[in-house]
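Note that chain A is present in both complexes that follow, paired respectively with chain B and with chain C.
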Partner chain A sequence: MSVPAGAGTAARDPGSPAGAGTAGSPGAAASPGAARVRRMRPWTPWAFLAPYLLLFAVFMVLPIGFGFWTSLHEWDINVPAKPFVGLSNYAELFDPSSVDGSRFWTAMKATGIFTVFSVPLLIVLPLLVALLMNGRFRGRNLYRAVYFAPYVLGVAVVGLLWRFLLDGNIGLVNHYLGLDVQWTTDLPWAWVALVGVTVWWTLGLNSVIFLAGLQDIPRELYEAAMVDGAGARHRFRSITLPGLRPVTLFVVNSTILASANMFGQSYLITVGAPADQTKTAIYLIAETGLRQFDMGTASAMSFVLAAFLMVASGLVFGAFRNRQAR
Partner chain B sequence: MRTELRGLRRSLLHLVLAVIAALYVSPLVYMAVTSVKTREAAGSTTPQWIPHPATVGAYGEILGSTDFPAVTWFLNSLAAATGHAVLVLVTAAPAAYALARLDFRGRGVMFTVIVATLFVPPVVLLVPNFLIVNELAWVDSLPAVVVPAAAGAFGVFFLRQFFTALPGELEEAAELDGCNRWQTFTRVVLPLAKPALVTLFVLSFLSNWNDFLWPLFVLLSPESLTLPAGLGNFQSANNIRYDLLMAGAMIASVPVLLLYLVAQRWIIEGISRSGLKG
Partner chain C sequence: MTHSLSRRSFLGLAGATGLAAAVTACGGGTKLGAGEAAQSPAATFSGGEYSGPKVTLDFWNGFTGGDGPHMRAMLDAFNKAYSGRIEVRNVTRQWADLYPAVPTAIAAGKGPDVAVIHNDWISTFAARQVLVPLDDVVGALGLTESDFIPAVWQAGVYDGKRYSVPLDVHCLGDYWNAGHLGKIGLKEAPADKAAYAEALGGLKDAGVEHPFWMPSKWPAHLMFMSLVWQFGGQLYSEDGLRALWGSDAGEQALAWMVEQIDKGFSPDKVAIDSQYAAFKNGKVSLTWDGIWQINDLKTNAPDLKWELSPVPNIGGTPAVWSASHNFVLTSQAGRDANKMQAAKFFVDYMSKQSTEWAKAGMIPARNSVRQDPQVASLPQIALADDLDAFHFIPPLPGVGDVQTKALELAVAKAVLKQASPADALKEGVATADKLLADNKRKYAK
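== the complex of A and B ==
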């Protein structure tokens, strides 16, 4: 790249904040042109922001309010009258004897079961994989690429593939394990299948995040600990784990959110079977709102689920902060 | 003695990693193998890792099938993912530049508001965005799967980090040279930001190509579906034709696996770093 004339002026005055004007810098030529280029019209930043802000307003800010508004109405896209019903959509959800209430809490339970079983596996196994791969050895990048590969495929392919492999009659899984299990329709096997597939699919994602975190821990810390005679276990507990704390906070939080948003695996592998026991909250919300067009109820469901997710995030942040304070 | 022991441990580590890796990719290999089997072999109860006879019949069948307009779905996916990734770059890059490098009143507040939406659970947007898209008459058409997701804050956040870290000298030089802000942005800043722009493009492309829930519900007619949505619908109708389903899965996988091979470093770095560096 050619250096434009005048670069020397800027280089001599690197500390000047952008937009401070050239008047104060003695090196600048006192030509009116030089002063002009430093001034910015007040609307310039907004012109840069405008295209994004338009999208942001229409598909991010507006829907947050609009969704809540919808949840206060009996709202069907095909029915012109959309009567205001106050909080009754919510009241119905919190009445387990109502149709929507019982469906909703079955789905919330499914989401909860999946999250509780998948999250610990998706923290511990990826951490183990990352620790195995943290050393310097040949082929490390190949292994990293292999473990990460399923994640780039997307849930449609993953769900279809495992639906095939888990087929009770012709699936490879039953064949090689010598079992006769209906993975897609029987409990608790459907949960084992859904959690197992999800671990296979997303383990690589969390592994590379942990690996990035491990490589940010300064080597000198380990060297100093070795000089002091600290064993491998001690080094892990007093250097690796504390060093990984911010990464772990991120991984725990994002994995909980991803698990609580599980949809495709259920939709493609178990289709909610048996008896909607594996139909997750998102699955029910999408079906209620976007298939049956009961959008008021679906919106209310989504705000209740969102409240649960925010509480969960808050608890995770709180847990990590407390440990740090100690 | 010690080095021998270390050598042994090292080979053991390799062995363990190699075995796990082989098990790890075997489902993908079996998907590829099954896609070139006959209908009977694909439905056989004994696994067959080497298809005999090997046939591209399943591909031929879905490509010629009206139930599975694979070419149309493929082109829809390609157009949607490309359009989405371009839209993300075109809108996020200038916004990120303004937030990173231009001084203006309300900049801090603006950035805080945008970043705060990273914490909004996406489920909250599902129903209202469907209503908005419906109001815009975008249901069952490509804009519905191209535009709304570009409102996410990720791209702006990601690029702003990069722009903030750029040294200011070249920009100042360009301005002393008479460039206005837009020229500085397009001629100096964007070329410098190429690695970040490529990463964001690839990540946006992948996420759109693989998106499942939204297109499944917002695209309705067979000819407007993307590949994941098409596969999802197709499965419910063709439960037992695993040769066809695996061929369809291959058509959806091969482009992203190729992209992954080419851009692996960027994909992994981009994903592993994006959430962490604040």
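== the complex of A and C ==
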């Protein structure tokens, strides 16, 4: 079955010299086409994959392996001796009485708090924004741009801007709202500030992705539902949400990973304050590896964080798959 | 035919590139010890002009503030005078970014040949074999300990070799708003504990809501260290194995800082940099900050009437946190004998420009330069009247990590009222002692 189909495609292909030369004779065209398919070697798919695999190996697999190797050593950048210490960098992280261990889990807790509070907001609010933006009204593009605009700013701009706006004593936010809240040096306000700034900053991206998802849902489904007498809420539940499922999976997963990798906001806005409580895991890893040159411990921290993120991603995929099975 | 050929060659090329990248990636990790270069001896420097072929030197420093323009002016003069022979390329970045970058960049061969670093980093970098000894330059310059504050001089020596040429001394100062203090009839900053408390109370009554803001981050730890010394304490034991800032002196120091908040002189939980910004805006009457802010205040707060005094003596002994900028040569310059000679010549030249550098708001490190009439009249020089008051972080390898992970955190916790001064210090000292033991092991040869 497949051979005639392949032959037919080959014959119709104007670019193929064989097809062009023997256009009038379908029988003759079939044999070179079939021959070409047969000539495919077992390594052909690998050859096509090779460029990507090569990049993947050089820029992903090797560094990961090298990072793991580093994490098994007391690896200080300049000190020539880099003794092998086995898993003791990891053991130290799980020893709450060690300096790095206690710092690490404080940072992991900070990362967890930020992720738990920012992810739901970064899913629900962009979805609402996308639903609004999906309607037809005057100035729609302007509104879309307004929501997306903060996202084009770099984290340095966003961080410095908000650090001064939110300053508890000389900042404009307290001044205009008549508040006395220490947004950058007190809990829980520092978390409110960090989550709020992040939502303001990155909401546009998720909105655009949701918007694209909404526009992919066939209009006929809504028309059919309206004919059946379904109300707006019913249409949202039965058409919009299921239609958005693949997009939502992507948004949830990428938002969790992005939130768990938060660094710039707390580096620039709170500087880890108060007393290191908003110092996130990535912040601590950067500090340990690049400021204290302790690459071994920093790599071990990265692998523990990565393990947590893999579990989180797995759970998200699992949750979405289960619902699809039902 | 051509198709498969080009594909094959493409794959081969890609493979070769990948392999090369992989090899360099691994190599970069293992041969990072910058030490081997430090051992290649260059001809000893004995002063005089550089006579070799033209070289370019990369010069790194952290003069991002009011001191920057003066350093650039000195460099421009040097480059003009020696054009065609030595070209110095200037790289200025924040100190906080400079220190982590230096060792890594040198390991990659893209770092500085010459740099300015603070005295408390010299031993750390020397132990990391990032620096090249400079005994010959010091010899050629005719520098002797008697012309320097002993702590500055000794900080440049690690393991029996000299690694730095001190350029200046800088310390905390007490900046005060002359208008505010005038309101309560003061023409001078209060100089001791009782006078300070009285003045702050008076300022509050005179309508300054919060006259003295207590930061929880930088420069909070510099204030704390100054006070520890004032109350008669020490930071670290001689052998570098124990943190001593949790002593009675430390508790008294931190308690005084927290008291300023409790008495309402400072608002709660001041965010980083805001006390200085508020001082510039005329909302703060007194604030302790580095003398290098002089030029910033002159340029960026021209309407503010401010004065600078020594940090008040709260604890009984005059003492103030101080540091020193030092010229160092890196192991990157050490890889090239000509660069090494040119770099030494450059350091020699710059060290003779102390008078010009004093205009950047710094105090020249050399006693003889401070007596120069041009320098003696500068506002910050008055702070150097009592050289015994200058206290420095001791030159222990890795002391920077201990400061950030333990001391600064303890101060922040107490000032933010998350723990009492005693508890914060106790926890901090426990952390510090572990780190000191780690450092001792790590930097031991």
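A few comments on the model shown:
Basically, the second predicted complex is superposed on the first by the 267 of 326 C-alpha atoms of A that agree within 3 Å, B and C clash if a C-alpha of one lies under 4 Å from a C-alpha of the other, contacts with A are read in each partner's own complex, and residues count from 1 in each chain.
Quick note on the criterion: a residue touches a chain if its C-beta (ideal position, glycine included) is under 8 Å from a C-beta of that chain, and two chains touch if they have at least 3 such contacts.
Just so it is clear, the model here is predicted, and its values are computed rather than measured.
Applying the stated contact rule after C-alpha superposition, one finds that A:290 touches each of chain B and chain C.
Touched residues of chain A, counted separately for chain B and chain C, are more numerous for B. In the superposition on chain A, A:169 makes contact with both chain B and chain C. Using the contact criterion defined above for the overlaid structures, shared-chain residue A:48 touches chain B, although it does not reach chain C. When both complexes are overlaid on chain A, the residue A:99 reaches chain C alone and has no touch with chain B. In the superposition on chain A, A:178 contacts neither chain B nor chain C.
Of the two partner chains placed around the shared chain by superposition, neither chain B nor chain C is touched by A:83. Contact with chain B, but none with chain C, is seen for A:310 once the two complexes are overlaid on the shared chain.
Touch criterion met: A:56 reaches chain B, while chain C stays clear of it.
Contact with chain B, but none with chain C, is seen for A:246 once the two complexes are overlaid on the shared chain. With the contact threshold set out at the top, residues 51, 58, 62-63, 66, 70, 77, 163, 167, 169-170, 271, 290-291 of chain A are in contact with chain B in one structure and with chain C in the other. Across the interface of their complex, chain B is touched by residues 1, 3-7, 9-11, 14, 17-19, 33-34, 37-38, 40, 42, 44-46, 48-49, 51-53, 55-56, 58-64, 66-67, 70, 77, 132-133, 135, 137, 139, 142-150, 152-157, 159-165, 167, 169-170, 172, 175-176, 200, 205, 208-209, 211-213, 246-247, 250, 254, 257, 261, 263-264, 267-268, 271, 281-282, 285-286, 289-291, 295, 298-299, 302-303, 305-306, 309-310, 313 of chain A.
On the side of chain A, the complex with chain C involves touching residues 47, 50-51, 54, 57-58, 62-63, 66, 70, 74, 76-80, 82, 98-99, 103, 163, 167-170, 182, 184-186, 271, 273-276, 290-293.
Partner chain A is touched in their complex by these residues of chain C: 7, 11, 14-15, 18, 21-22, 25-26, 29-30, 32-35, 99-100, 103-104, 106-107, 128-130, 210, 213, 216-217, 267-272, 274, 277-278, 281, 283, 401, 404-405, 409, 412-413, 416, 418, 431, 434-435, 438, 442.
Residues 10, 13-14, 16-17, 21, 24-25, 27-28, 30-31, 34, 43-47, 90-92, 94-95, 97-99, 101-104, 107, 110, 114, 117, 119-132, 134, 147-153, 156, 168-181, 185, 191, 206, 209-213, 216-218, 227-229, 231-232, 235-236, 242, 245-246, 248-249, 252-253, 256-257, 259-260, 264, 267-269, 271-273, 275-276 of chain B touch chain A in their complex.
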